[in-house]
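In the two assemblies presented below, chain A is common to both, partnered first by chain B and then by chain C.
Now for the complex of A and B:
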């Protein structure tokens, strides 16, 4: 494939659209404003095509795994394909196709399976946080000690018994969150925003090219 | 009629100044004046983690984030993560490590497939690339992805995990289930729950702007390195504005506030 199609045209598209979107934010020129809105609509349309392409890739990939009859992976891939097609078919009920039977099946799948499993997944977070805290709250060095002390004050200050034991725990917890916590967070956010800006410039100028299929 | 939006004039001037500073840094690098960047500890760790996976004969996993929309404002961070992935993919293929890459973003899934395939082609091993095995699409939805990662990690038992990009609520799940498998972890995020979890629990944390700089650092491309140096010059300018603002506000002047809202 020629360098023009693989590299130069995509870089030109990125540079042009980025410039339009930057100017749309800063200027009152109507033509730029409408071009910006149009490009946002294109992004939605292209995104929908990518979703379609991704679905085809998903079916192809898991189809291959099912056909390979691999004992470890095939059952999972088969399950995924069954639910993928079942959800797609039931989804037609959203457009009024299939009547109440399909509609109820779709609602049941969402409310009785998906939502329940989602809640269970959120519940698991508690266990992971506890095991994570157990690993993190080890004062191996000075920084670790700061983390342990700050973490303990925050935990105790947030639970009702903390205030009952010693009321200043709450104020200390709030100070940790609002002063050093928010100062560090603001510094990191500022740095990250600048990092994003410099990275965007690398993309616009075509210096960063990994996203073009990893080509150098 | 005003051409610039009211209240955004100073922002526009500042943006132009930032772009000019960065462009000068890039121009200087193109003339041979390449800046030297400080050594980042997790850069060596990336090579070490790949070596660890090769020695233990267990796979390495990579993820560029869990956000479900590549068209969002986080797309630059996802692209930055992909630039890191390009390096990790090439090094893994070169040194014979088995690399798995997972995501819940359909668009990113396709890009990762292609970047990994190109790495195999570049290293002269195209026949070894098996996309259906090494690029699993775990889910198109955050909670499903969490469960997918848990099962995935338990099955493949990775010796290393590298994640960077946009992270929402999955970090505790990923970090803990990878730790359970004994994986060495390098984790990066720019804010929220993810960054705190990574900083506290991973072996090496990539914090804030380092996520954007890492790809440039790994590429050793003089122009990309110059861009990072340009960003540091901009930081000095912003720091000067902060100090001036601090002084002016302390003496009761609202000059800087007026300028910012110009």
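Now for the complex of A and C:
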């Protein structure tokens, strides 16, 4: 009974819904179309509930860390929980609760804290990229040499100073982007798509069960 | 320290290196310039504020270009924190480009909607908008918004635009493939290379790559912060090139000196 509820029924639901959605894409049968639309609408509702579930899981996990009074992790978990609840309470201003004061505080939290921290995180990556370029772009062999030359022309051709120094930099960069780069991207996309297709087939047929909690 | 100086000096003393307009930026501009009264534009599931410093200026310039067109509707849809990004775009346009937003009003000429569920949410929205959501971001009923009149599903959109940092395939599947709506994309520089096959095949009518494309679009429409950042970008690229050449010179000089020493010992 436990195996029926935890494995067989979820696999059957996935198989049935997947079949309906595949048929919806390839056929114009009205009943299949309406079932496909309905399942898409259910997905929106489930997606919304997943956010709530994620929030509960987040609070539980970090609440446990805070209660454990761990010197290393507890302060960060406490900070996360404080900002989580503050943002949630301030977010009620979007429903008209709390008036303009709460609304301005919410926007300020987002624009002046979250945006700034996100920008700084992206900016820090620049230092790592520069040091990574110094260490990685070395022509140790023929393939490395091709990488270095292509990287040099692409980098200098993408920025305005490239055209100012020597205009053909731009044409060379465009050729690298449009011919070998595009061909390689197409190959990678095709490979990824075929991999995704095989994974989806395994999911539909119930062969792939890693998404089932507690399964083998 | 040198990197910070290289990035910072152009802000104090701009160099003014001229910009060339790339093909992708030109295609996006031409497509939006060709919008006619009555057209409906979908501003679709873009980033939230995480990559604002790179893509934000372009998003503002493109949104301003769309809003400047008379009687063109703009429907902005997003998930999670993306609607707040759209609010910031509108505020930025008000503060820097047009105080009265080109005479456009919320609900009448543009609106902000919110979905959930990732690609499933996109599919539900593009298949049947009112089936997926009933209210906008401010909890106004969709039927009360004049801008949503006659917009029932994805096929009612004339053109779509998105700005993304990684996965663009869901947009292609649910906007282009499902509803045959032309889609143009502004992407991070590294991601744009991977999207070139779609651009060359005509699946995407435009691919704009990173801050450089944002600056080019600002040059074509409304001047903004991306243009001032291009000198800094140019110098940082030159610095990376110099470092790459230096690394290779160091590698080969070390290799040669090791070979010379081993020949001496041998």
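Throughout what follows, the second predicted complex is superposed on the first by the 207 of 216 C-alpha atoms of A that agree within 3 Å, B and C clash if a C-alpha of one lies under 4 Å from a C-alpha of the other, contacts with A are read in each partner's own complex, and residues count from 1 in each chain.
Criterion: contacts are C-beta pairs under 8 Å (C-beta built on N, C-alpha and C of every residue); 3 or more make two chains touch, one makes a residue touch a chain.
Please read these numbers as outputs of a predicted model, since none were measured by experiment.
Once chain A of one complex is fitted onto chain A of the other, the partner contacts of A:51 extend to both chain B and chain C. Judged by the touch definition given at the top, the superposed model places A:118 against both chain B and chain C. When both complexes are overlaid on chain A, the residue A:158 reaches chain C alone and has no touch with chain B.
Shared-chain residue A:182: touches chain C; no touch with chain B.
By the touch criterion defined above, A:149 reaches neither chain B nor chain C.
Using the contact criterion defined above for the overlaid structures, shared-chain residue A:43 touches chain B and also reaches chain C. Looking at the shared chain after the overlay, A:208 reaches chain B, while chain C stays out of its contact range.
Applying the stated contact rule after C-alpha superposition, one finds that A:28 touches chain B and leaves chain C untouched. In the superposed model, A:138 makes contact with chain C only, not with chain B.
Overlap of the chain B and chain C contact sets on chain A: residues 43-44, 47, 50-51, 118, 122, 129, 135, 185, 188-189. Here chain A touches chain C in the complex through residues 36-37, 40-41, 43-48, 50-51, 94-95, 107, 110-111, 114-115, 118-119, 122-123, 126-127, 129-130, 133-135, 137-140, 148, 151-152, 155-156, 158-164, 170, 174, 177-178, 181-182, 185-186, 188-189, going by the rule given at the top. Across the complex, chain A meets chain B through its residues 22, 25-29, 43-44, 47, 50-51, 53-55, 57-58, 61-62, 64-65, 72-73, 76, 117-118, 121-122, 124-125, 128-129, 131-132, 135-136, 147, 185, 188-192, 194-203, 205, 207-208, 210-211, 213-215. Residues of chain C touching chain A in their complex: 3, 17-20, 23, 49-54, 80-81, 84, 87-88, 115-118, 120-121, 123-124, 127-128, 131-133, 137-139, 189, 193-197, 200, 209-210, 212, 230-231, 233-241, 243-248, 251.
The part of chain B that touches chain A in the complex is made up of residues 1-5, 8, 11-12, 15, 18-19, 22-23, 26, 69-71, 76-77, 79-80, 82-83, 85-86, 89-90, 106-107, 109-111, 113-116, 118-119, 122, 131-133, 135, 137, 143, 146-147, 151, 155, 169, 172-173, 175-177, 179, 190-191, 195, 197, 200-201, 207-213, 215-216, 219, 221, 223-224, 227-228, 230-231, 234-235, 238.
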